[in-house]
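Okay, got some structures for you below.
Next come two complexes built around subunit A: one with subunit B, the other with subunit C.
Right after this comes the complex of A and B.
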C-alpha cells in the first residue's frame, strides 16, 4: 500500500507545486456562480426550477467532476506519450496496484478541486443533513470514477493517434455536458434532445445529486435508474480500464 | 521579396496552423455549435424573453473571441518549442513577426466566426445581412485587439505553460462574464455594482455582441458611434499586445531566452 501512496503522491505533487489549476477552478466557480449564475437566474422564469442559481451551482460542480474524471483518463494517455507509462509498467508493482494508484490519484484530485466549490454550494442551499451531503458526495465520486474509466477505456485510440484522441474526447465532453440536465431540467429539453440527454451519464449524476440536496423530485429523473446507471458506468468502465492496463506491455507509447 | 510579402507568408503559415489543429477545431466547433443549437434553444423555454434570438448572435462573437485568444497559445508554443528562434533567423524584422502574428490571429478569428455566422443566419433569419459586411472590418480590428491580449499573456508567461493557460482562463472568464454576451444590460445594471456596470458597457465584447444583434439580426440602422467605440476599445489592446510581444522578442534576441 505504501508503494501505491508513493505513486499517488508522485503524480499529485506536480499539481500542487504550485496549485495553479486548483486555485483556477475555485476562481472560475466563484465568478461563474456569483456573476453568471446570479444574472442568468434573474432571466429564468420557470417556477418548477425554483432558485436557478442553486440549480446552476450543482450543475457546475457536476461539470467540474466530469472535467476532473476526464482529466484522469487523459493524464494516463499523456503519461504514455511522455514515456512515463512504460516507466510505471516496469516498476516492481502489480498492474492492479498501479490501476489503484491511478484511481486514487483521480479521487484525491477530485477532492481538492471540488472541495471548496462544494462547500460554498452546500452553504448556499443550506438546511441539509449529514446523510444527504454524504450521499451527494458519494454520487459525485461515483460519477468521477465512471468518467475516468470511460476516458481510460477510450485511450486505446490514443495509441493510434493522440491528436485524434484529444479531438474525440474534447468534442464528446462538450456534447455530453450540453445534452444533459447539468444546466437545465429534462422537462425543458425539446423531445429529440431529451432522447440524447437520457443517454448521458451526467444527466443521472446531476439529477441524483440534486435529489439528495433537496431539489424538487418532480423535475428530476427516477433515482433508482440514476443509481443503477452510475454504478454500472463506474464498475464497467473501471473494469474496462483495468483490463486495458493488464494487457499493456512495456514500450507502449501514443503516436 | 519585400517585407510585406514576408509578413504575409508568415501570417499565412500561422493562419493555416490554427485550422490544421484538429483537437482545437473539435473543441471550438462542438462548443459553439452546441451553444447555438442546444443551450440557446433550451434556455429559450426557461427564460422571460426569446433567449435564442438574443444569444445566437452573441455566440458568433464568442467564437471570434476564443479563436483570437488562441493566437497566444501559438505564440507560447513558438517560445516553448524554440520555433521563435527560427523565425528570428529569417530575413524579417521583429516588427514584421509581431504584425504577422496579430494579422493571422485576427484573420483566423474572423474566418472562424464567419463560419459560425453563416450557421447563425440559417437558424435565425437576419433582417439586414448587408450590415454584417459593414461590421466585418470592425470585428477584424476587435479580433486583432483580442489577439493582442493573448500575445501579451504569452509574453508574460514566457515558457511556463501552466501560467499562460491560467492567465488565459482568467481573462476569458472575466471578459465573457463581465459583458452583455449572455444577459441584457438592464439586468446587469440591476445586479452588479456601478463600477462593474461601467466595465461591462466598455467591454468590446459587449459592444460587438450588441452590434451583431442590432445591426445584422434586428436590422436597425448602423450607428457610427457604436462602431467607433469598438475601435476605441480594441486598438489599445492591439498596441499593448504588440508592445509586449515585441519586448519579448527583443529579450530573446539579446539574451537568447526569455
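Right after this comes the complex of A and C.
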C-alpha cells in the first residue's frame, strides 16, 4: 500500500509544479460565483429554487468535479504518449494497485481543486451538519470516480487516435454538462431537454449534492435513484478502466 | 535453468508481426546483446519481458517465472532502462531516483549514498536539482540508466543505453553495465550500435524482422563469416613464381587471394588466426621472406550484413 501512496504523491507533485492551475481554478470559481452568480441570481425569481447564487455555486462545483474526472482520463493518455505509462507498468506493483494509484491520484486532485470552492459554498449556505457535508463530499467523489472511470475507458481510443479521443471527449463533455441539471432545476426543464438530462450523470450528482446541502427536494431527482445511478456508474466505469489496463493497454504500442 | 527463455514468442500489433515465433535464451549472469536495426523487434521483446506488453502467443520466462502468468513476481526481479527517458518533466533527477529506489523496496538510508555516488559517476551531480525538462538528451538518458544502477535488479534490461550520449559518456555507461554484471545481474542490452555490442556482449543475438537470425559470441559470429577476416601480406621481394598465389589460395579457410602490388597480397579468410601460421609455414618452405602481416577482423556490422544481407543503422556518435 505504501507504494500506491508513493505513486500518487510522485504523480501529484508533477501536477503541483507550479500549483498555478489549481489557484486559477479557485480564482475562476470565486469570480464566477461573486460576479456572474450574484448578478444572475437577481434575475432568477423562483421560490422553489430559493437563492440561485447558492444553487449556481453547487452546480459550478459539480462542473469542476466533472472537469477533474475528465482530466484523470486525459492525464492517463498523456502518460501513455509521454512514455511514463510504460515506466509505471514496469514498476514492481500489481496492475490492481497501479489502477488504484491512478484513481486515488484523481481523488487527491479533486480534493485539492474543490476544497476551497466547497468551503466557500458551505460557508455561504450555512446551517449544515457534519453528516450532510460528508454525504455531499462523498457524492462528489463518487461522481468524480465515475467520470474518471468513463474517461479512462474512453482513453483507449487515444491509443488509436488522440485526435479522435479529444473530439469525442469534448463532444461528450459539452453534452453531459449542458444537458444536465447543474445550472437549472429539473422541474423547469422542457420535456425533451429533461429526457436527455436524465441520462447525464451530472444530473444525479448535482441533485444529490443539493439534497444533502438542504435544497428543496421537490425540485430534485429521487435521491435513492440518484445514489444507485452514481454508485453503478463509478463501479462499472472503474471496472471497465481496470479491465482496459489489464487487457488492452499492455497489448498496444504507446509512447 | 536459463535466466531468460522464450519459446515461439509472437507479438502482433493488428496484422503486423513484431515478433514472429522467437526462440531465445539468456544464461544467468551473462550480458546478452540484441543487435538489430530499427523495427527488428528488439524493443518489443524487451517490453514483453518487462511485462509492459503482453505476448500474443508463445511463452516467455524470466528466472523461471512466466511473464504472462506471474507478471508481478517478474517485475519484482527485473528493471528496465527505456529507450526514451521521458515523462518526468517537472521532477528533479535526485527525486526521480529516490522514487524509483523506494518503489523497488530500497531503504532510504541505503539508497541515499547510492544515488549520490551514481549521480556523480554518471556526471549528473551538478544537474541533480534541475527539473527533468531542463536536462539535455544525454543527461536524461544517463538518468534513465542510473535507475537500474541503483536498483541492481537480478535481471536488468537496457534499451539502447548510450544513444544520445557522447563518446566519453558511453564508455562510462558501458563500464557501469559491466560492473552491474560483476555484481551478479543478468543483463539484456538492445542496441544498433556495433561498438556498444562489441564492448558489452558475452553473446550477441541478431534479430531481424522479429526473428532470431543467429546467436553466439562475438568472436564465433565473426569466425562464421566465410572470408570475413582480411590478411594483408607484404613480402620482402616480389614473388615471381606464379604458383605461389595458387598455393596461398589452397590454404584451408581461404575465400579469395588478391595481389595488390607485385609483393603485396590481400587474403580474404575465414579465421585469420588459423590461416596466418599456415601461410608462414608455406613461406618458410618456399624460402619466401615475409615483411609484414596485418589481420583485420570483420566488424559486427559485417556480421550483420553477412547474415541478413542488410546494413545496420549505426549511431554517428559511436
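We adopt the following convention: the second predicted complex is superposed on the first by the 247 of 255 C-alpha atoms of A that agree within 3 Å, B and C clash if a C-alpha of one lies under 4 Å from a C-alpha of the other, contacts with A are read in each partner's own complex, and residues count from 1 in each chain.
The rule we apply is simple: contacts are C-beta pairs under 8 Å (C-beta built on N, C-alpha and C of every residue); 3 or more make two chains touch, one makes a residue touch a chain.
A quick note: this is a predicted structure, and the numbers were derived from the prediction, not measured.
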item	value
Three-chain arrangement built on subunit A, subunit B and subunit C clash or fit	fit
Touched partner set for A:91, first subunit B, second subunit C, both or neither	second
Partner chain(s) touched by A:27 [first = subunit B, second = subunit C, both, neither]	first
Touching partner for A:131 - first (subunit B), second (subunit C), both, neither	neither
Which of subunit B and subunit C A:10 touches, first, second, both or neither	second
Greater subunit A contact set [subunit C / subunit B]	B
Touched partner set for A:83, first subunit B, second subunit C, both or neither	second
From subunit A, separation angle of subunit B and subunit C (C-alpha centres, steps of 10 degrees)	90
Which of subunit B and subunit C A:35 touches, first, second, both or neither	first
Subunit C versus subunit B - closest C-alpha approach in the superposed model, Å	11
Complex contact set, residues of subunit C against subunit A	13, 47, 50-54, 56, 71-72, 75-76, 78-80, 82, 84-91, 95, 99, 102-105, 131
Contact set on subunit A toward subunit B in their complex	18, 20-21, 24, 27-28, 31-32, 35-36, 38-40, 42-46, 49, 52, 163-164, 166-168, 170-171, 174-175, 178-179, 183-184, 188-190, 193
Contacting residues of subunit B [partner subunit A, same complex]	22-23, 25-27, 29-31, 34-35, 38-39, 41-43, 45-49, 51, 162-163, 166, 169-170, 173-174, 177-178, 182-183, 187-188, 190-192
Subunit A to subunit C touching residues, read off their complex	3, 6-7, 10, 13-14, 17, 79, 82-87, 89-95, 250-253, 255
